[in-house]
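Shown below is the structure under consideration.
Labels for the chains are A, B, C, D and E, by order of writing; each one numbers its residues from 1.
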Amino acid sequence: MWLVIIQLKIGIILTFFSLLFAVASLAERKILARIQNRRGPNRVGPCGLFQPIADGIKMLIKEDVVPRKADRALHFLAPIVMVAPMVLLFGILPYGGGLTLVDLEVGLLFFFAVSSVSELAVFMAGWSSANKYSVFGAMRAIAQMVSYEVPLVLVAITPVMVAGSLSLVHMVEDQAGYAIGVIPNWFVLTPWGIVGFLLLFVTSLAEANRTPFDLPEGESELVAGHLTEYSGFKYALFFMGEYFGIFAGSGLAVALFLGGGGAPLPLLQWIPPYLWFFVKLVVLVGIVIWVRASLPRMRIDQLMDLCWKGLVPLAFVNLIAAAIWHYSGGGWQGWILAGGLLVGAYLMLNRVVLRSRCSWERKYYLAKS
Amino acid sequence: MTSTEEVESISEKSERLLNISMGPQHPSTHGVFRMKAVLDGETVVKLTPVFGYLHRNHEKLAERTSYLGNMPYTDRLDYFCSLTNNWAYALSVERLAGIEVPERAEYLRVITAELTRLQNHLAFLGFLLNDMGVWATVLIYGFREREKILDLFESLTGARMMCNYMRFGGCRCDVPDGWVEEAKRITDELPGVLDELEQLLTDNEIVVARTQGVGTVPGRKAINAGLTGPVLRASGVNYDVRKVDSYGVYDRFDFSVPLGSVGDCYDRFMLRLLEMRQSLNILKAALNELPSGPIINPKAKNRNLRPPAGEAYGRIESPKGELGFYLVSDKSGTPYRYRVRPPSLVNLTLLEDMCVGQKVADVVVILGSIDIILGEVDR
Amino acid sequence: MNVVLFIIAALILVGALATVCVRNLVYCALSLAATFAALGMLYLALGAEFIGWVQILVYVGAVAVLIVFVILLTAPDRMRSVGPLFSRSRILGVGVSLGVFGTIAYAVHKSGSLKGSLSMPAETDMQSIGEELLSSYLVPLEATGVLLTVALIGAVLFAREEPVEGSEESQESKD
Amino acid sequence: MERMASHYRKSGGRWLGSGILRGMGVTLKNWIGSYFDPSRLVTVCYPGERLPLPENSRSFPFLIYDGDDPEAGLRCVACRICEKECPPECIHIENERDENGKPRKRPAVFDIDISVCMSCQICVEVCPFDAIEMDQIYAISTNARFEPLRLHKEQLLKPNEYFRELSPTRSAAADARREAERAKQAKKKEAGKKG
Amino acid sequence: MLDLETIIKRVQEAVPSCRIELVSNESHSGHHSLLVDDGHAVEVARFLRDAPDICLDYASNVTGIDWLNSTVKEKVPVTETVEGEEKVNEKTVEKTVPGYLEVVYHLYSMRLKQGPVILRMRTGNRDPDVHLPSLTPVYRSAELQEREVYDLFGIVFDGHPDMRRLLMWEEFEDHPMRKDYFPPEESDESPIDEQARPKQ
């Protein structure tokens, strides 16, 4: 009997996320367009709603070109190894309200174990295309993803330390309830929570190779990085893999910091928790698209500097701040101590970066003659 | 030009070097421009630009066409700023044949040239940020404003980019009614847009990190290499042909010439923003004081003009640098020698010196900051 | 339960053999990753969830990627592994492997663990593992921490002397 | 421009990350604005809505005839000035021959190769008889490279009313010029008859 | 404006053995130029750049001009003995002046903001690879423009760091901007072009 329920849940989750993928690919182009003062796709169906279907058919019909010197087996396997782990990640996200698929005791560990497999997929894609540019792109992509896994894990450990368990469902329960009636005690509303959420958001952007970290596909330098030799449905799979990466990253951020299925206000609790989970997820995906439209791309060495000299130290400080918050029992003294520590870290980082930047302050002389 | 001993050091670690060719179909080079780069990992060791993909031998063509017939061809040189090309050509022919230009025509020339400078710099900002990866957001903000200026050109000269508007001794047609008010409205709106662009770009940490300290050019070297325009002024050299030659009626407007201090990509990028503000000053003043009167010198002969034998070199400050026309006439209807001094080509002299030692991603930003256009480079 | 274990064991064997025998360098690396994954599945099948996922995280996520990165950096063109598959001194090879396999088999037989039935180990949860780690096994935990930091610094020093292409990612991933 | 007269000091972003946030504020303003403020949604859905072309925009030349019969009202007198002055030499004219081979002041063949023409409008400028003007047609793609792109006299001929409604001011000026010309001819003819 | 006479005097003091003369120009622009013999061109340029008061530190434009063999009608006083007494009368004689290739440099001073001083160098004849000294060691801005003059006119500049063709592809032999160059026939022209064959 429970097998049927499980099948039903899997069905719901998979249909939801593939629908979200279709809608997100359309929403990306629409939001990008709206930011750029234009309308975005509106020819296929009412205001462009059938565009994802059209894209899907196009990808299916398009001829799948495989370069002659390419390593056929690896070339074929790469997209699969890219997408499969991403789909696994949706299993452990705590939607709440009976929709949570499985409550793994080592939920978070499972999340990182599976998401680190996609680096192998990037290598297989880059290497099998036998194209100088794609090897170059693959090298950069792996360097970036492995480097950004360190801050990602460090930041994810802080809520684990406070909640006391690796299971995501337990973490959501820990964030349930409302302090003084109105404010939900989500982790994001604590000093270390704000910093942790921002760090997690930035590192999950880097993990999914999204702007401002979409260096591997840096059009302006190496055409399409490790995706140069892919076309047709395999390219669509990579595209889907990237989107599932964003959904998984945002899902994790929602679960760890935004209180999973919790309603922001007590009187809104009649809406089932999984709906709240999806609303927050969609809002985060919207912010990802908004970031993509407004930030330029970073150089590979700046990217690494940011990771090792910026995010990892900040993640350690955040860990300490969370510990202080935990042992000071939360409340206003927690705010002062943990908050003070974090603000001090930010000011120190601010001064270090400004001093190293050669001449932030620029003077331009307006010659009269 | 890498010195000889450096060349040896390249060959002996040659197996670790990567030869890549950026362009001519590369998405970020401005037209068909190719660079052969030798990379050691991420840093550029050697970079040789390759020219000639858009070479149409414009100068040979001009030697068999009449003086008036050459005017529409000058639109095709720097196809983003056709009006400044026309003005440079008209200026050098007037200097050759000794033709005066009435007041109103001089003012119309200044107005159209400053409008061209505005739309060229707006497009430049868009392309530079597009190279840095902003997914065309800034490009479309720039083009949104540029469209308004191109509509002004279309209602005045008949075409958006191929205006063919200036004649020897003045301009071809007068301003349609309502044009000056429309131009005033646009020049009053633009400062707001520039503030918005500045807020979006100048303090953006990623833009600053990608451009500061990249592709630095010292002033003295820039002068010797013949750099002109915003690229030269970014290195702090105070040389603007509008102020030096004060051709046309530029001496009547009080505008200042922004100068950079370091001479890197960030300064070149900021210079364009500041220059746009100065152009707006000039435009406001010129549009208010536009005198009435003839728009072309009635005595000037345009159709079969036969200037006296001799030569002349006229130059103006085009948005990309000093654009000059060197004409040699042998009293026949077609010029004996017609030479265009292309600012984009000469500004590329130091491209290799700027790029060696920088990262691959910087080469694209450096090329973008010089703002070249291939119609002018290859002619 | 045994059927699953046999399948996974077969998978591990096939992966290990592939790692050694396949000519193509890249296939070796990937089959090595597959073997690590199969080992992780083995732990999971035996109910040790923590070890299973840590195995996948550390070995498949980091070590395999490290090996792959080394291939990317060093042998962009030498895809084929050089030299004949089986070296000439075949007898020496077989002799050594038989000796090693014999001693291991004898030790396992002596320890008597095979006698009892394959009983499921006591149900362990994260809580107890955590406390165990930080109480009785605290010293080995700290020692490995120090060891990894030293390895990290060593790698960085190595990378510093002669600039390594791409980024200086050659450190051990987290513990 | 109240900035300091001689210096434009670029105040560096003192707070790390504030520049990025301010920049994203601009994109957010454009995103929200595009739903409410028409100036932030500038594109036009082309085939449906079309931007009106300004009056003297130009694409390719066309010949003008007065009245309603193209052959009778043809203004062009085949003086071949435009053929000589056209920079890319894309106009080809052949005079009409009357019975004993003497060229008459009418073009028998008047071809414009619009694949060569760069719509530079010099032919209109140099034509003393206002016989040729610039049209505003731009959707004229064909399926062959050479033949359909050589417009012959019949395809080029359009009535003066079309030109009058295409660009009122220029056609008014042209008509005024022709009126003055015709009046001068008539006065000269009387002076000739009287004198 | 720097007047050319003082410059000529200063140059003759500085570089005594060089031959420098003024070439006048009748057009309204009044841009007269200095003809320098190619033996001492580099020292003259270096002097013009480094002299503190002249300081022509910016070579704006480098151009090549191809002058064909021109026939000059000259009035030559010929003394003929007609019917016994001496009579001197002019007779127009056709004299062909041999053509030459010329390179023109427009020098400006950015520091003193002074107008163009035009330097000309002429080659002896018009055969394919005639040599002239390159001014790139003095003015770096001449580097690409001299390569273009070599590519389109066929003047090889000695001392140029990278003497290659700028615009044409390497295997292209002749030099298109020369007056006696006509493009090869095989270019596929549209019907109109055949009819309107270039008229000269």
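We take it that a contact is a pair of C-beta atoms (placed from the backbone, for glycine too) under 8 Å apart; a residue touches a chain by one contact, two chains touch by 3 or more.
Everything numeric here is computed off the predicted structure, so don't read it as measured data.
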item: Graph distance between chain A and chain B, where chains that touch are linked; value: 1
item: Per Cα centroids, the chain farthest from chain B; value: C
item: Farthest-lying chain, centroid of Cα atoms versus that of chain E; value: C
item: More contacts between chains, B-D or B-E; value: B-E
item: Identity of the most central chain, Cα criterion; value: B
item: Rounded Å distance, chain C centre to chain E centre (Cα mean); value: 77
item: Distance from chain C to chain B - Cα centre to Cα centre, in angstrom; value: 61
item: Centre-to-centre distance between chain D and chain B (centres being mean Cα positions), rounded to whole Å; value: 27
item: Whole-Å gap separating chain A and chain D, where each centre is the average of the chain's CA atoms; value: 54
item: Numbers and ranges of chain B residues touching at least 2 other chains; value: 42, 137, 141, 144, 200, 204, 206-208, 258, 270, 274
item: Sequence positions of chain C contacting 2 or more other chains; value: 165-166
item: Numbers and ranges of chain D residues touching at least 2 other chains; value: 8, 10, 12-13, 16, 20, 23, 26-27, 30, 42
item: Residue ranges of chain C touching chain A (in the complex, touch as defined); value: 24, 26, 30, 33, 40, 49-50, 53-54, 56-57, 60-62, 64-65, 68-69, 71-73, 76, 125-127, 165-169, 173-174
item: Of all residues in chain B, those that touch chain D in their complex; value: 65-66, 68-73, 75, 137, 141, 144, 147, 151, 154-155, 158-159, 162, 164, 172-173, 176, 196, 199-208, 258, 270, 274, 277, 281, 303
item: Touch list for chain B against partner chain E, complex; value: 1, 51-52, 55, 57, 59-60, 64, 95-98, 221, 223-228, 237, 239, 244, 307-315, 322, 324, 326, 328-329, 336-337, 339, 341, 345-346, 348-350, 378-379
item: Complex contact set, residues of chain A against chain D; value: 31, 34-39, 42, 290-291, 293-295, 346, 349-350, 353-354, 360-366, 368
item: Of all residues in chain A, those that touch chain C in their complex; value: 71, 74, 104-106, 109-110, 112-114, 116-117, 119-120, 123-124, 126-127, 135, 138-140, 142-144, 146-147, 149-150, 153, 165-166, 300-301, 304
